[in-house]
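What follows is chain A paired twice: with chain B in the first complex and chain C in the second.
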Partner chain A sequence: MTKYVAKLLNIREIPVLIALLIVLVVTGIANPQFLSRSGAQDLFLGVAVIATLSVGQTFVITMRHVDLSVGSTAGFTAYMIGKESGDHHGLITCLFVALTIGLLVGACNGFMVAYLKLPSLVVTLSSLWIVRGLFNQIAGGNTITDFQVPVSLGYLGRHSFLDVPYIFLIAISLVLFATYVMRNARSARDLYAMGSNPPASALAGIPVARRTFFAFLACGAVSGLGGAILLARFHSADSNSGLGLELNVIAACVVGGVAIAGGVGTPLGALIGALLLQSITLALGALGVSQFWQLAVNGTLLISAISLDRYLSLRVKPTRILRAE
Partner chain B sequence: MKRINFTWDKGILVLLVLTIFVGSFITPYFANASNMSFVIQDIGEFMLMSIPVTFLIIAGEIDLSIGSTVCLSSASIGYSYRHGIPFWFCIIIGLVVGLLCGLINGLLVTKFGLQSLAVTIGTLALFRGLCYVLLGNQPVNQLPSSYTNLGSNAIPHTFFPYVSILILIFGAIGWFTLHYSRIGRWTFAIGINVEAAKFSGIPVARMKLALFMITGLMAGLAGVVYTFRFASASPDGATGYELSVIASVLFGGVSIAGGVGTIWGVMAAVLELGVIRSVLQLSNVSANTLLVVSGGLLLLSVAVPRAIEISRNRRKLVSKS
Partner chain C sequence: MDREVLTIVGATKNFGGVRALNSASLTLYAGEIHALLGENGAGKSTLLKTLAGVHRLDSGQITLDGKVFQQGSTRLAREQGIAVIYQEPNLFPDLTLAENVFAGRQLKKGKLVDWNQMAQEAQSLFDQLGVALNPRARARGLSIADQQIVEIAKALSLNAKVIVMDEPTAALSSQEVDRLFKVARSLESQGAAVVFVSHRLDEVFALTTRITVMRDGETIGTTLTLDTTEANVIQMMVGREVTELFPKSEPNVGEVVLSVKNLSSEGLFEDISFEVRAGEIVGLAGLVGSGRSEIARAIFGIDKYSRGSVQLCGQTLQQFSPSQAMRAGVALVPEDRRLQGLFMAASIAKNSSITVLDRIRKGFLIRSKSEADLAINWGKTLQLKYSEITDPVERLSGGNQQKVVLAKWLASNPKLLIIDEPTRGIDVGTKAQVHKLLDDEAQKGLAILMISSELPEILGMSDRILVVKEGLLQREFSRAEATSEKIIAVATGAITV
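And then the complex of A and B:
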């Protein structure tokens, strides 16, 4: 019995999941409104964008890289969908705009990191600014207002299936799909190898450059989708959309067990991390704690999550070596 | 003939001279005393922070929490002044708060063995959150003008703002320490190979802790300068400074992988970015272009050395065969 418990605790997502349940239950008892229908919808709506973006970020962080440009890309996409498609266009147009912008940014990042071998932090920091600069130039002081949002996208943002908002369903299906791929597809398994030991993975015959390129490409595409969801969620976009989102996304990944040092983590974990961060933010509100504490609590949570993760990985590693012997 | 070994930091110096030259050509408002004073004032905080961050990045670590530390230092000055503490003592509080922020980062990285990138994203949120906890939504505006005038006035009989004294002092200290002292050599050694540094007896953990603390302290000092310059303390100040500082350090030829860099390259890079911003603003180019230009320059700063390296390797291969 204890063996199973120990095994369960070794799954990196479990401690985060337990923390999430504790937050939900404790807050739910203190303020029943929190677990009501509208409370749950708040949580799901709030987490949809971050959860989507963290899928792409998981690919990238797993390879021991980082993509800081996701916030700019998502904001830019959100604005361009509203600007280009107007109110009469369908989902296909939105998707086309989103993927075009996302893939373009992803391809630029990927090319520079994978083939020119430039450090990803610098490359994506530059593209964060370049995309944001272009975005501001195009957007100026304009705002995409509710009636400019494509009807189909607006519908997805407003309506729910069995009380679960459509955009959360989209996000979670993306997360589950990506988790399945990262578990089973060989090309995605290679990302773990590359993150654990880059030189060894190259020597083992993994096409490191190609994998890196496609991971950044995927991250860009997902950021584009995230932009569409951002627009669906807020029904508006302006030149500040998605500002600073990248750090929230990385935070969700890290809390959810996607180690910044690479080689471990799943999109599902990142989703749980995003849910935990969001539910704590909402819980503070539900418990009547001043909103000014939210950011500080999130920061503390992030630090404790990586400390816990470090502690657990120190504890887990020896057993793995023993098992290998 | 002795071949000049091209490095990016020399390129920056050339670029800086070029920009000043071109700038004074395009706009008549650029090359005059009051604008120069404005440029220096504008980059004051960045200069002060980029010096310790250069050490930190050379040693292979990073600190994303400096923007929040600037704000927290500023916020604690405002908070304590609001609660009737004499202003000179508030400044000391601001500096101590900066030092404590650095201490927290340093302890988490060295004692807990955590990644500095992850830790400082956490403390970025934490310190910023504490700013809101301290000040709420109310910025503190009624600071004594006898002090805050120092932030906006120039030294009498010159066009240099007071912050240039700090820049000179700390620039000189940083330059000497990084390039001519044991601590500087240790910093490079840690950045090039942590394991080797450890085995050769360098107190790696202690060095890293000290670097984080100094970075925090300098961010605290930048917070004081920031408070003086804007004559106010608000909870949303200095947002995004961390990325600007790191970008200018990298732009100045410091490698993100650690082990490479010079102080004068970084200081020239900060100045260059300030000068470009001023030239663009004076020639009525929008702030958006500035974002694109900074991003492009940052990219160039890693791409050009890389291209040179590739072409050199190719030449070597050719000469071998």
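And then the complex of A and C:
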């Protein structure tokens, strides 16, 4: 029995899941409104964008890189869909716009990190600003308002299937699909190897540059999708859309067990991390705690996640030099 | 044993100005275990890494099974039938053992990774090697020996024509070594060519059919193992006479400066006791991994030890306190100057003055004039070549960087200098300057503990030589009685004392 418990606790997602359940139950008892239909919808709606973006971020962090440009890309995409598509266009056009922008940003990031060997932190910080700057230039003070949001997209943002919002269903499908792929596709397994031991991955014959490029490309594409979901969720977009979102995304990943040092973690874990962070935000509201505490609580959670990770990875036996005869 | 599997002819490779391989050659037959021997820096690693697809030769030809060997890609090297077991295991700590065995070429069923198949195959490889490892467990926390076993399983699973083992036994226990020998022999009988690199000559003679010796990037010769002796092989490895390159004066031995008593650290070294006196240079010899550098680090207070004591001029040094050691008068020039010895992006002046900031500060501020003066003075003493004293040290050559490390420590007026690999990667001219400097400082009364993998350096510079093997102090030689043959013999355990 204890063996199974130990085994379960060894799965990185389990402690986060337990924390999430505790938050839900405790808050639910204190304020039953929290677990009501509308409370659940708040949680799901709030998490849809972060969960989507953290799928791409997981690819990147797993390789021991980071992509800071996802917030800018998502915001820009949201605006451009509204600007270019108009309400008479369907989902296909939205997808086309989203993927074009996302792939373009992802390709630039990927090229510079994979082939020019520039550090991802700096490359994606630059693209964060470049995309945001371009966005400001194009958007100026304009706002995409509700009637400019493509009807199809607006519908997804407003309606639910069995009380679960469509956009959350889309996000969770993406998360599950990506988790399955990351577990079972050879190219995705290589990302784990690359993050786990970079010099050894080259010796093992892994095409490191190509994998790095495509992971950033995929992250860009997912960010574009995230932009579409952002527009569906808020029914509006302006030059501040998606501002600072990348930090929430990275936090969700790290809290959900995607180690910032690479090598471990799943999109499903990141989703649970996002749910935990979001539910704490909502719980503080439901419990009547000042919203000002929210950031401090998130920060504490992040530190705990990292400390746990550090502790686990330090439990390595010493190397031996003496020969045991 | 008559079919040539691999031939290397005229292999030449330069790294910057350093010639690592100079027209080296090697022939491997199907069904043989072939030892590749040589001192550190002889070119073995470069040759092996070329086979592994890490390096590409500047000139020379490699033929594998009658075809030209495609260089420069680890993946291609593997596909052409070469498997390499590196001295340092290269595992992925976060992946399962099965995935580690099949890293970069995971087994697939359709488009997906076939976890069960991989686990089964890894399990049967582990069974074949006689180890109880769980293929579904993660690699994090495995002992070095177990990691090495996983590497061996990886190499076995490739069904390679040529299997390179670069010091595979360095971390293994004797039973594990026996098991490895069995595996090597069974590979041999299946017609593979096994390249075996080891500093343990007893193992080489027990296992291999032929021996090739390299020195200074060249192949010195190949012989049947049965036709030669350990003494012969050592002679071939060392080759050159130890020359007048080393400007060593008669020492004026003074008081005991360093006294180490029964120093022990579990798994690293045991019961180490010795003294170093003012004015003498004591050489610490032994193979890489024998515990030499670990002893130095423990003396300086960086690493912990479980028993024993370190005294400097009668004062006991605490564990974990390099700053106390420094105040007491110990200086440590570490083995890797890029990582441990220098702040690469900082200026020559800043690097040279880092140990004596107290002397050149005014209140809380460092006076950059005194900083520069100090560095310029040391630059003169050490014949440092630079354009501006404010240039970052990363712009200097390796030899000049080492001089800056020395300046930094000598500036602190130490009583004891511990120097780990004083001249690694330094050209011959600068080497002689560094040696001269060490001799001068010893003449002035500095006690020096010198660790080196280069035997000529140990023999040429030391007044006394301590030889460490597997964490134990095996023997002390006086300058007069020491020879390379004796030191190699003790360090490799070819003879027991």
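The criterion applied here is as follows: the second predicted complex is superposed on the first by the 311 of 325 C-alpha atoms of A that agree within 3 Å, B and C clash if a C-alpha of one lies under 4 Å from a C-alpha of the other, contacts with A are read in each partner's own complex, and residues count from 1 in each chain.
Note that in this section a residue touches a chain if its C-beta (ideal position, glycine included) is under 8 Å from a C-beta of that chain, and two chains touch if they have at least 3 such contacts.
On a predicted model such as this, the values are computed, not experimentally measured, just so you know.
Undergrad: Which one hits more chain A residues, chain B or chain C?
TA: Result: the larger residue contact count on chain A belongs to B.
Undergrad: Could you tell me if A:Ile206 is touching chain B, chain C, both of them or neither one (first, second, both, neither)?
TA: In the superposed model, A:Ile206 contacts chain C only, not chain B.
Undergrad: Let me test your reading of the model: by the given contact rule, A:Ser196 touches which partner, first (chain B), second (chain C), both or neither?
TA: Only chain C is touched by A:Ser196; chain B is not.
Undergrad: Does the superposition put A:Asn31 against chain B (first), chain C (second), both, or neither?
TA: Neither partner.
Undergrad: Answer with first, second, both or neither: which of chain B and chain C does A:Ser160 touch in the superposed model?
TA: A:Ser160: touches no partner chain.
Undergrad: Given the touch rule stated above, what does A:Trp293 touch, chain B (first), chain C (second), both, or neither?
TA: A:Trp293 contacts chain B only, not chain C.
Undergrad: Touch test for A:Thr100: chain B only (first), chain C only (second), both, or neither?
TA: Neither partner.
Undergrad: Would you tell me the residues on chain A in contact with chain B in one complex that are also in contact with chain C in the other?
TA: Residues common to the chain A contacts of chain C and of chain B are 259, listed in rising order.
Undergrad: Which residues of chain A touch chain B in their complex?
TA: 66, 68, 112, 116-119, 121-123, 125-130, 132-134, 136-137, 244, 247, 250-251, 254, 259-261, 290, 292-300, 302-303, 306-307, 310
Undergrad: So in the complex, the part of chain A that touches chain C is made up of which residues?
TA: Listed in rising order, the residues of chain A that touch chain C are 183-186, 189-190, 192-193, 195-197, 199-207, 259, 263-264, 313, 315-325.
Undergrad: Show which residues of chain B lie in contact with chain A when the two form their complex.
TA: 64, 108, 112-115, 117-119, 121-130, 132-133, 136-137, 239-240, 243, 246-247, 250, 255-257, 286-296, 298-299, 301-303, 306
Undergrad: Under the definition above, what is the set of chain C residues touching chain A in their complex?
TA: Answer in residue numbers: 52-54, 73-75, 77-78, 84, 86, 90-95, 99, 103-106, 108, 111-113, 115, 140-145, 171-174, 266-270, 289-291, 294, 470-471.
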